[in-house]
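Below is one structure; the comments refer to it alone.
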Amino acid sequence: MTAPTDVGIVLGSASDWPQVEPAAVLLKEWGIAFEVVVASAHRAPKRVQAYGREAAARGIKVIIAVAGMAAHLAGVLAAETTLPVIGVPMPGSHLKGLDSLLSTVQMPAGVPVATMAIGTAGAKNAAIFAAQILALGDPRLQERLQRHKQELEEQVAQQGNQIPGEFRRGD
Amino acid sequence: MTAPTDVGIVLGSASDWPQVEPAAVLLKEWGIAFEVVVASAHRAPKRVQAYGREAAARGIKVIIAVAGMAAHLAGVLAAETTLPVIGVPMPGSHLKGLDSLLSTVQMPAGVPVATMAIGTAGAKNAAIFAAQILALGDPRLQERLQRHKQELEEQVAQQGNQIPGEFRRGD
Amino acid sequence: MTAPTDVGIVLGSASDWPQVEPAAVLLKEWGIAFEVVVASAHRAPKRVQAYGREAAARGIKVIIAVAGMAAHLAGVLAAETTLPVIGVPMPGSHLKGLDSLLSTVQMPAGVPVATMAIGTAGAKNAAIFAAQILALGDPRLQERLQRHKQELEEQVAQQGNQIPGEFRRGD
Amino acid sequence: MTAPTDVGIVLGSASDWPQVEPAAVLLKEWGIAFEVVVASAHRAPKRVQAYGREAAARGIKVIIAVAGMAAHLAGVLAAETTLPVIGVPMPGSHLKGLDSLLSTVQMPAGVPVATMAIGTAGAKNAAIFAAQILALGDPRLQERLQRHKQELEEQVAQQGNQIPGEFRRGD
Amino acid sequence: MTAPTDVGIVLGSASDWPQVEPAAVLLKEWGIAFEVVVASAHRAPKRVQAYGREAAARGIKVIIAVAGMAAHLAGVLAAETTLPVIGVPMPGSHLKGLDSLLSTVQMPAGVPVATMAIGTAGAKNAAIFAAQILALGDPRLQERLQRHKQELEEQVAQQGNQIPGEFRRGD
Amino acid sequence: MTAPTDVGIVLGSASDWPQVEPAAVLLKEWGIAFEVVVASAHRAPKRVQAYGREAAARGIKVIIAVAGMAAHLAGVLAAETTLPVIGVPMPGSHLKGLDSLLSTVQMPAGVPVATMAIGTAGAKNAAIFAAQILALGDPRLQERLQRHKQELEEQVAQQGNQIPGEFRRGD
Amino acid sequence: MTAPTDVGIVLGSASDWPQVEPAAVLLKEWGIAFEVVVASAHRAPKRVQAYGREAAARGIKVIIAVAGMAAHLAGVLAAETTLPVIGVPMPGSHLKGLDSLLSTVQMPAGVPVATMAIGTAGAKNAAIFAAQILALGDPRLQERLQRHKQELEEQVAQQGNQIPGEFRRGD
Amino acid sequence: MTAPTDVGIVLGSASDWPQVEPAAVLLKEWGIAFEVVVASAHRAPKRVQAYGREAAARGIKVIIAVAGMAAHLAGVLAAETTLPVIGVPMPGSHLKGLDSLLSTVQMPAGVPVATMAIGTAGAKNAAIFAAQILALGDPRLQERLQRHKQELEEQVAQQGNQIPGEFRRGD
């Protein structure tokens, strides 16, 4: 028997994958079962609608939608499901993601999309936010998040070494 | 036997009606058969999908989609049909329609939405643009458009009278 | 014995309350236990830090942070906790919420804030999104969300009546 | 006897051609007769005015206007004709096309320009939109558009293969 | 024999008159002969083209073009004449004049438009700038401009009285 | 013998006074000697230059410059003095202060302007920031600032009472 | 005896020269006497003030001011002279010239700056606009401008050859 | 006994160091004692809070906070201390620093952050502004700032040599 898939990552285009891969790596490292599908709201609408409608029944708990330009993907998925949908705006257009950010975040009252930062920072945060949701029912994951917070602190502390010694505050 | 409906106007919210009414009045005056429906891409997705899928078979020739905020309505309709879809961004949010404009116009390659100006000017132009499309197969409508151009010119000419005489160029 | 508090709403200023009240009403109607506190990241930082640090231990599951201008509240809370933090940008400044939106959503990799639309639509969606998270472990709430989706559809269907009959599509 | 030219593409500058070429290729593949002319609204106004005034009489059915910066080309053509004019904003300025987008889309009531996305995505969509208009009177083209929609769906389905197998959803 | 008209003010719409009136009053007070016409680039293109083509021969020396939204008026006039054209963006759209500013100022190399601030401040400055141009060949007007600079200084000096005495710097 | 004036507030226009008055009141309450002058960089440049050149010799320690639109006042003062210059962008234009913010903050390397938020919040913060500078050499003022921080915390704590009791967290 | 200098080009920084050189070449080709000076409003204010104050007496007729970031140069010059001042915003900052555009164009009523497009297009247009002003008193220059308009038209006509023959409209 | 540290530079990320190094070099050259630490408001909040709380007691007089994206660093430090806090927005995100600028400058009334330009120009100006503050109590530093102003003027004067001689104004 296979483990259930908890997180579904939907990409509006395979060209977004390089910006999303770090998020996938993080989910894998943290032992969160997930899947990645490509399904554009505009070019493959039935695929997106079906994914949204069936996700909960398939055991998916959180959906991450990644899209650029007039990014309708997260909103269309959120219209089809009551699962939490996290939106990640991609920066691929001439407007550098201002278009996809506003298309993702400015949802009307009634149908929320939890929007992250533009680009790969947002993709990574979408994975962490999904983990924060799942951790509410998973003490092991809660511990992993605590350790992640410590790791962030340690990374920051170590970054001080990248400042030349003459300028650095002595500890 | 009733006349076929040529233009379908889809509103994301009934609250947009006052900004769209002048467009409806224009279509009526020009003898273009149309219908108005309310069908939000986010709050009533099946209704929107069905409208898009069935429009061509029902004889609709042009769809006008009116929506604000993260305006996905036009894009979702365009994903479901090969009919021309005209998008009108509404200004109702705190960002005054910049969000709905970018959400409507920045469509990815493959699925066009013909975008008009924000608000009631855009709604009226959507009606005229629909008439321009229909006029390609309707000489009477082509004449009406020619007359409309003359009316615009005459209105401009008459507006000169609103400038106080002391400042106005004498004709 | 009292029910535990699941959702903590933190307002950067009491002046944001009128825009948040509809969200509070929705949570109450849906039977979700919540609390509202005022705690500015800039004017009362210890209060915010303490709230963030203690929230999980107090049983809070989701935090909603509401702030305007250089809206640091959600980010500061997210820095202190591994609970999901939802950010709602307020529009009170001269820049109409563009400042609070970017201050809330553009979080660096490592510390996510789930950002909603600017203003009261975003506040209401924050409440619904919190419910979507909690519903993952609460079948009754899951049903409430399903019913909410139906209510949205019905509202849209009824809105058609607000279009004057002469323009409306006959059903 | 030669076939009539259905679509006129007007470029504000020959330097825009590389971004427009994919649109021309698509029109050719779909068997739509078109022509490409260079005619700046600012540097060659008579040429633009003449093109707009004569287009309908020459048998043109749809005009596509491509321009950057203060992009007046589409608006000036629309002022001269009752044919549908599609505007494509080019991104060549320091403002990355925000200027040409607003200059193209924000037309006053009375003279519509159907605006597409900034850059080559918009150019390609202008061609598809022109096809959608022409297809209203051309069943063969209508079929071609249906097939295009299927091709888009198939492309999306195949893009899944670009996601590394370990992350991909198994079908 | 009447004095020649030196400045031609072209309004895209009579509704812009209230914002332009102070500019007209200033020109009158300074004894500069001018005329005001209404002539939209989109709704009355022939009128605009004719105005631009004939202005120099009629003795006009400077043209002021006032328009909102996708403000093409100044650019279209500048395309038709080698006279200096001053553009004043109007704020009447939902985007508060950002659209008309970019549509007016971002002219391509070869066809300049001298752009002023959005709204009535810009209109007044257009009148002053026209006077600065005309003053190059008119010593009396040059003196008037010098006096205007002194008046500005005196106005600023007197404005100090509007600050309550307890806060004001004593002279 | 009178106390020396420590802070000079320069207004680009007396019309900005209502937004600046709370800052003046705060400085007065905190016992900081200041003066208010009106001196536009564009309409009264000599006055501004003289103010900047003489301020240090007159004993001024900090200059606060308040201006809207193309706000050059702070930059022009900073060019004339080595005193700290604080800039406050005013929102009076059609662009709501985005223009004055960028005109104030984007100073080239070599000549800093310490920029505050747009409008009255920024004016008040300019006064507090001036106090923070002066407090480096004034223990009494340092104490006042500490008390101000406590007052801010207490205000936030009391604001909780404005939330209806049924929603409020019990303390 | 040397010819008088008609146009003064003031650069805020020598690093802007490459974008301005085409403008200088054009002025030279057209036989317009000009000079180029470097004089930052922030780093060399006395130099700028002196230039502005003395320009008219030195015989300068038009000033072109080129600056980036918080571009105060044009405004500061305009404050010192009644000559026409043309402003050219440079794009060198992270905001790509939006900052310098707004800092240059949004001048308050009373002190106009004639603003051109961002970057080298704007610089070239500043030179042409200066020529248009000077041509009011110089028939030879007026002829040169007429020829320039013809050259622009011819260039556009020839650009058609850059479109591959299979796509080009046959003449 | 070592000299006290007057300026504390806090970087949100070590990756910002290259843009900040010129500021550090300037402080060193001017003999101002400073330290550089890395301490993210989001990834290492306790470190930031501790730095802010202890800075005054450790003898720090001015804090410079450098951060990108949703830049909360300066605001969080300002919340913890009554020392002057200077904020420098970094341009590292897809929005080129518009996000970090607004996140830094739009502080609510009560807690000022003195904001500089985006990127390395802003970092250098932060160092100069810190020197201007310290110079109020340090005549030697005041002299250094005077000399800096002269150096800026001389640099500008010498930049004239970079303009080719044929275009340059003869001195």
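Each chain gets a letter, A, B, C, D, E, F, G and H, in the order it is written, and its residues are counted from 1.
Keep in mind that, in the parts below, a contact is a pair of C-beta atoms (placed from the backbone, for glycine too) under 8 Å apart; a residue touches a chain by one contact, two chains touch by 3 or more.
Just so it is clear, the structure is predicted and the values come from calculations on it, not from any experiment.
> Between chain E and chain H, which partner chains are common?
Shared contacts of chain E and chain H: F, G.
> Pick the pair from C-H, B-C or F-H whose contact list overlaps the E-F contact list by over half.
Copy of the E-F interface among the listed pairs: B-C.
> Would you mind working out whether chain C and chain H touch using mostly the same residue numbers, over half shared, or mostly different ones?
Counting which numbers both chains contribute, over half are shared, so the two copies meet through the same residues.
> Does F-H or B-C have more contacting C-beta pairs?
Of F-H and B-C, it is F-H that has more C-beta pairs in contact.
> Between chain D and chain G, tell me the centre distance in angstrom, where each centre is the average of that chain's C-alpha atoms.
34
> From the mean C-alpha coordinate of chain D to that of chain F, what's the distance rounded to whole Å?
51
> Whole-Å distance, chain A centre to chain G centre, using C-alpha means?
Measuring from centre to centre gives 48 Å for this pair.
> Among the residues of chain D, which ones contact at least 2 other chains?
Residues 13, 40, 43, 69-70, 93, 95-96, 98, 105-108, 110-111, 113, 117-118, 121, 152 of chain D each touch two or more of the other chains.
> Which chains touch, pair by pair?
Inter-chain contacts occur between A-B, A-C, A-D, A-H, B-C, B-D, B-E, C-F, C-H, D-E, D-G, E-F, E-G, F-G, F-H, G-H.
> Can you tell me which positions in chain B touch chain E when the two form their complex?
By the definition above, chain B touches chain E via 91, 96-98, 117-119, 121, 152-153, 155-157, 159-160, 162-163, 166-170.
> Quick check on the complex: what are the chain F residues that touch chain G?
Per the touch definition, chain F meets chain G at residues 12-13, 40-43, 45, 49, 68-70, 72, 75-76, 78-80, 93, 95, 98-100, 102-108, 110-111, 113.
> State the interface residues of chain H toward chain F in the complex, per the touch definition above.
61, 82-84, 86, 101, 105-118, 120-121, 124-126, 128-129, 132-133, 135-137, 142, 145-146, 148-149, 152
> Contact residues on chain H for chain A in the complex?
5, 8, 11, 13-14, 17, 21, 24, 28, 34-40, 43-44, 46-47, 69-70, 93-96
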